[in-house]
Amino acid sequence: MNKAPMGWNSYDYYDTNVNEAQVKANADYMAKHLLPYGWEYIVVDIEWYAWHTGSQRDKYQYIPFGKVEMDDYGRLFPCPEKFPSSANGAGFRPLADYVHAKGLKFGIHIMRGIPREAAHRHLPIMPEAGTEEVLYNACDVADPSSICKWNPDMYGVRAGVPGAQEYYDSVIRLYAEWGVDFIKCDDICNTNMYVDNPYSAAHEIEMLHRAIEKCGRDIVLSLSPGPALIEKAWHYEKNANMWRITDDFWDEWELLRQMFWRCELWQNHVTPGNYPDCDMLPIGTLGQGFGNGPWQTRFTRAEQRTMMTLWCIFGSPLMIGAELTLLDDWTLSLLQNKEVLKLLENDYIGRQVERDDAHAIWSCANDKTGERFVALFNLSDQTEELQVDLAQVEQFLSDPKAVDTATELWSGEKATVESNVLSVSVESHDAKLFALKNK
Amino acid sequence: MNKAPMGWNSYDYYDTNVNEAQVKANADYMAKHLLPYGWEYIVVDIEWYAWHTGSQRDKYQYIPFGKVEMDDYGRLFPCPEKFPSSANGAGFRPLADYVHAKGLKFGIHIMRGIPREAAHRHLPIMPEAGTEEVLYNACDVADPSSICKWNPDMYGVRAGVPGAQEYYDSVIRLYAEWGVDFIKCDDICNTNMYVDNPYSAAHEIEMLHRAIEKCGRDIVLSLSPGPALIEKAWHYEKNANMWRITDDFWDEWELLRQMFWRCELWQNHVTPGNYPDCDMLPIGTLGQGFGNGPWQTRFTRAEQRTMMTLWCIFGSPLMIGAELTLLDDWTLSLLQNKEVLKLLENDYIGRQVERDDAHAIWSCANDKTGERFVALFNLSDQTEELQVDLAQVEQFLSDPKAVDTATELWSGEKATVESNVLSVSVESHDAKLFALKNK
Amino acid sequence: MNKAPMGWNSYDYYDTNVNEAQVKANADYMAKHLLPYGWEYIVVDIEWYAWHTGSQRDKYQYIPFGKVEMDDYGRLFPCPEKFPSSANGAGFRPLADYVHAKGLKFGIHIMRGIPREAAHRHLPIMPEAGTEEVLYNACDVADPSSICKWNPDMYGVRAGVPGAQEYYDSVIRLYAEWGVDFIKCDDICNTNMYVDNPYSAAHEIEMLHRAIEKCGRDIVLSLSPGPALIEKAWHYEKNANMWRITDDFWDEWELLRQMFWRCELWQNHVTPGNYPDCDMLPIGTLGQGFGNGPWQTRFTRAEQRTMMTLWCIFGSPLMIGAELTLLDDWTLSLLQNKEVLKLLENDYIGRQVERDDAHAIWSCANDKTGERFVALFNLSDQTEELQVDLAQVEQFLSDPKAVDTATELWSGEKATVESNVLSVSVESHDAKLFALKNK
Amino acid sequence: MNKAPMGWNSYDYYDTNVNEAQVKANADYMAKHLLPYGWEYIVVDIEWYAWHTGSQRDKYQYIPFGKVEMDDYGRLFPCPEKFPSSANGAGFRPLADYVHAKGLKFGIHIMRGIPREAAHRHLPIMPEAGTEEVLYNACDVADPSSICKWNPDMYGVRAGVPGAQEYYDSVIRLYAEWGVDFIKCDDICNTNMYVDNPYSAAHEIEMLHRAIEKCGRDIVLSLSPGPALIEKAWHYEKNANMWRITDDFWDEWELLRQMFWRCELWQNHVTPGNYPDCDMLPIGTLGQGFGNGPWQTRFTRAEQRTMMTLWCIFGSPLMIGAELTLLDDWTLSLLQNKEVLKLLENDYIGRQVERDDAHAIWSCANDKTGERFVALFNLSDQTEELQVDLAQVEQFLSDPKAVDTATELWSGEKATVESNVLSVSVESHDAKLFALKNK
């Protein structure tokens, strides 16, 4: 991997209720309007295996003790009511084929662990490929004291017991057979139920990683929810490709404002194959499945520019939360700015230069091409004149004095650099991102 | 209630495996040797409803996803393999009758909540007495995110949902019908899974209390495990009769030593009907069910005297952990000292007078009878000369100068009081308990 | 002591700036209007030893490195600019004499520890009474790492070093000579600087206690600030007479509302000589010294009734925060209700009966006289009909069915008791306190 | 800076008592034996400004309220008893000159803040260079509630008050005039007194940084004590050159073992000018000033190799704790291994490859030269066969299959690489560091 994954995720719009037709419609749209700009992942988020999702939305987001689609080995399958092509054991294979045929990649969400139902029903664990004898049972590997705080579907898998790796192998083998390219595993990055051990599922991260290595297919492993634990950075990097550095991100300025210190914290950890994850982009039309009808993003245009600029200069994965077919032109243009999206590539290294309560400045450089960028963010509630002494970013500049043009990448505006200082007016909550050119 | 309950509990010797014959043998023994001294409760501890208990003791104390005996309303019944008389829906009624016929009282252990099995099987909750229509289902009241850290049997019951109180009512009604006199409810006093809210089951305590009030039978409510939360003292007192002030207590000096500050902490909370609980007395023969064969208590005789003296002067419930039929004469004598056991009565008020790392002194007085006592504990590792200025206990003494005899209640030894100071030699870890007499 | 102290404290009105004339004026007022109702303590609060107090109130409440009045042994004396009669070594003796002549008692505030100035100047510690040789130096007993978070005057005194007890003895001996009857020691009850050890001054509490025992004068020892630590209740009781169960209490409903759970927590700890302390009564005119001019209490009359009722039924010390000479008739009447103030006496035992977010009920009984009381508090934001089943307070009632009159002690209103239930309307934030009478 | 500083520090041998002759002797030794290998800093550690240091070592490491050498502006000077050449206002200039004449660099330790003495004596703050009017006073900038937990000399400097930056400027200007090249500022990296805000001195770090920028001399800024806070990494990097990632490190295996996860945590933060600091090397003869006479390092030779290998491959500063003039040949050889020391240079990037309780593996690469290294650490208590699949370090290897020689840098031993796997026996607590060569 040479840049963070870019794609679409069903959650922000559909909650637990996305269906096959909706996924296909979003894939169609992406193939047509976004694929040329690098967007390629179509990710089906949580509860695709559950029946009746959304039917008790006033009481539960996740129906406890509800019906889930499962094979005889406790492996979850798509609910055929929502995904008709998955019937008769086909699973997500037909839908993945559809997505692949568009030139896109296919991803799914899973919860860590094994279905509670499988353990209570004492289901066998599927034998290793090439063997037939059942050696293990769900009730041997399920840990009844390892649960998710907010979702009732699974039990965690025990550490170091026979059958545990075999269970994860059996699941990932199935998903690889379906053609899954991306797995977002939830309740694993920060197991927040366990206040005194939020990394209680470290062994399950390792088992997933091993299962993916064994399965013979390139699968991106994305871990949720955040905030990821900075003191476990090395472990995430060894075992996964993405990990959420924030709790669920939504269209609220305060959450966006806080992302600046999260990006400060994780900036040294963006490397090829490893992408700290700022979470989905809550733009466009959102929330159809959440009970009170859909809404338009509460972010202003300025805030959306700030978000896109920060995610790109930092190097976060980009996953669109909007229903794609409802995108307006302005929002679409935000996703089609090649000059900005280019910064996601690993050769572009972004670093925070300054930050206080009122503003932040980031720089970015590509040592191979010699390209240089600087982003100025106004975090305050009024328009501000922001300045950056380019000597502060001199480590990225071969001859800082020689910068003579600065071109803003969202607006095309040219800014003057005098005495090596770039000084521009930035509106409240807005960002400006400049490409710097030497004479 | 005018004193803390006294009895026997199956756990310390039998772990999860006690059976009917064993319970009866202990009841027989108690009726014959201990009842005259005030001992009256026979308590069947954890897992009486579970099959195959102990069969996987190397791996689990509590078998996850194992078979439990349950009626069609999700109410647990004794496993008939262990309690033959309970078969055919008789429950604990025959055993309770047996115990009652001996002049004793019958108690059982329960886990808070509703069986996980009942929720996963969507069992109905029994209708209120006098009604027939099923209104609620286990899956509506079971909270899938409320579990016990160490026992896999139950889900907690939700707060404030229809059917929750009805479930507890149905359970307690059944146990009242059986003739249960004492319920030790576990995973409720300190829900230690929930580090940031160890009192997460407050509403279940209240539901149990209400169910007991409604059931028409006097049932002592005992809450476990400890340590109870001192800041919830009033709530315990309103809703329960006993609550554990310590985590599991075993035959280790360090645990006994720590009980001194626990008793200091809770001393103001011993009142009629309310008894902070120091946990079972791990004396005699212990641990037959714990996997490595039974052992003799690791407490020295001095330590056992210290324990009995502290428990009595503080006013803790007394629950014998030993297998009664194996008691030796010395241990039995410890349980038959009427002069000491009398201090349990609520008219005898005990208070700590001094405490440091090396010793503790408690006083006790009965204002109605004028009786006065003082206990001296040597917590150090060598014999010490301990002194107490009786002026320090003068609030209990009408004319402290007039004390002229002090009689030790374990040994009968007389001690001299000079200048109002009682000074005696106490061996390491031992205690002396004096009745003080005025001229 | 058979009841909690009642008096006046200079802080709420004067901050750090009270002077001799003002203290006398308040003493005159108390002697004339309040002494007959039991009010007797006149307490000079913080910084009486400091010069120029209040002169930098925009920057500091307590001027760092400012001038303090001190003798050659590092013992603080009143600033003669504020207390002219203290000049020439007289100290507070003349003022105490004045107060005593009025039939009142005299109290002062101190900070725990030894003046920083004394340590930096290497002052000697005064020899024991009857000796002349200087044995210790301030710099030996001052602990440079023990400070107060909010006041810069002192260093804590080390535990277990020669000279430490002698220092405290020398200070208390001086104050006893002055005729001090009451010492409010600050930064000692909860040393909140030391987050992981808020009881870091336990040894200083003990030293103060011993110094008072030695000094030959009855001096009430009051510890601040709160919240006191419930797990140290026994230690407070052994060593002090009062301890603050709350951080600074002011005229804000939220603080008053929270006092209900604080009183719940500490209710078992009100005994003769031991009074958990709800802090001063911020009524009448307040705050003249705090920088923005004085204000009238922000408590409504209902809230003031609630406060007085709770403090009295709980048994807290009562210290008036108002400038007495400015009291209006209504406020004065609040302080002259003998029927209510009587409940402070230790023979009247108050206990919480019910409490939730919207209301609280307390009962009170005097077993010697047979008197019974019940208080109903409306904590909600609208008028409520509150009920109490008097069976709930039956432990206090010899024959609960026979209650036939209930007289409200603030208004004289009679309430009907039907079927043993008292049911009354109480306005938002108000309280009603009933004396119950049997036929 | 293109590599972490290397030098000698007086603390581990001399505690608070090093004197001028001893510093010179160590400088002489370094110039002769170590300078050719890159060692160049001579650092005088804590309490050079204090009189009588060590005279009360049984009671205090740091004498409270003791005499310190200070000018009229509250700036600390060397105690002339220990540093005779500093007399008459010369300060450390003569000693710095001596060190510089040897081709070495000179460093000193300071405590953050301003002397308590200066505040209590109300000393003026020196006017800015070129001005004469005294504008500020020590008592205005000293914060009486900001102290060090373990050293009594200073008060912290307030944030955002006039005079605060001027104070730090005046101090750093003086030290720059003396010719100081390196400042180790203590009680600033982790202000562990303030449990809930261990980064309470962030503003003092910034003031020091600004003062150094202003002073016109290149001075390395080193922050102590650790553990540094990983969530403040960016702030350290902006303002300082080194920061301690551990509490005081001594010659105990457990501390060395823990350094592996500390290095894991900070590995991404070693960049030019920024060096997370593993603390001094406690080798050779240590502890002469600590009260019980000097001792030989308790580290085995294996452990010393492990330490040197880890510090170098990670890129930590290297500060020798031993008295240099007492170094034995073996220890000296540890410090003269150019092949190993070369890895400190910033072009050599080290990363952890594996770590568990029993072993750790690190790789290192220099992309400019193509050099490759791998280190294998045996953390267990017995000899182990350690293996590393060189594919795991392939990101550093242009053609991993082609590695054919592996030369151990401490012993010269050649190891065979078969099927791209390096497999060697490593003794308990020992390390092997291989240079890898392609055909």
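Residue numbering begins at 1 within each chain, and the chains themselves are lettered A, B, C and D in the order written.
Definition applied: contacts are C-beta pairs under 8 Å (C-beta built on N, C-alpha and C of every residue); 3 or more make two chains touch, one makes a residue touch a chain.
Please read all numbers here as calculations on a predicted model, not as lab measurements.
Engineer: For the chains other than chain B, what are the connected groups under the touch definition?
Structural biologist: Components, chain B removed in thought: just one piece.
Engineer: Can you compute the centre-to-centre distance for chain B and chain C, using the mean CA position of each chain? Integer Å is fine.
Structural biologist: 40
Engineer: Any idea how many Å lie between the Cα centroids of chain A and chain B?
Structural biologist: Here chain A and chain B have centroids separated by 52 Å.
Engineer: Quick one: chain A and chain C, Cα centre-to-centre, how many Å?
Structural biologist: So the centre of chain A lies 57 Å away from the centre of chain C.
Engineer: What are the residues of chain A that contact at least two other chains?
Structural biologist: In chain A, no residue touches two or more other chains.
Engineer: Based on which chains touch which, is the overall arrangement a line, ring, star, complete graph, or other?
Structural biologist: ring
Engineer: Quick check on the complex: what are the chain D residues that touch chain C?
Structural biologist: 64-65, 116-117, 119-120, 122, 139, 142-145, 147-150, 152, 193, 195-196
Engineer: Under the definition above, what is the set of chain A residues touching chain D in their complex?
Structural biologist: Listed in rising order, the residues of chain A that touch chain D are 230-231, 233-234, 264-265, 267-269, 272, 352, 355, 395.
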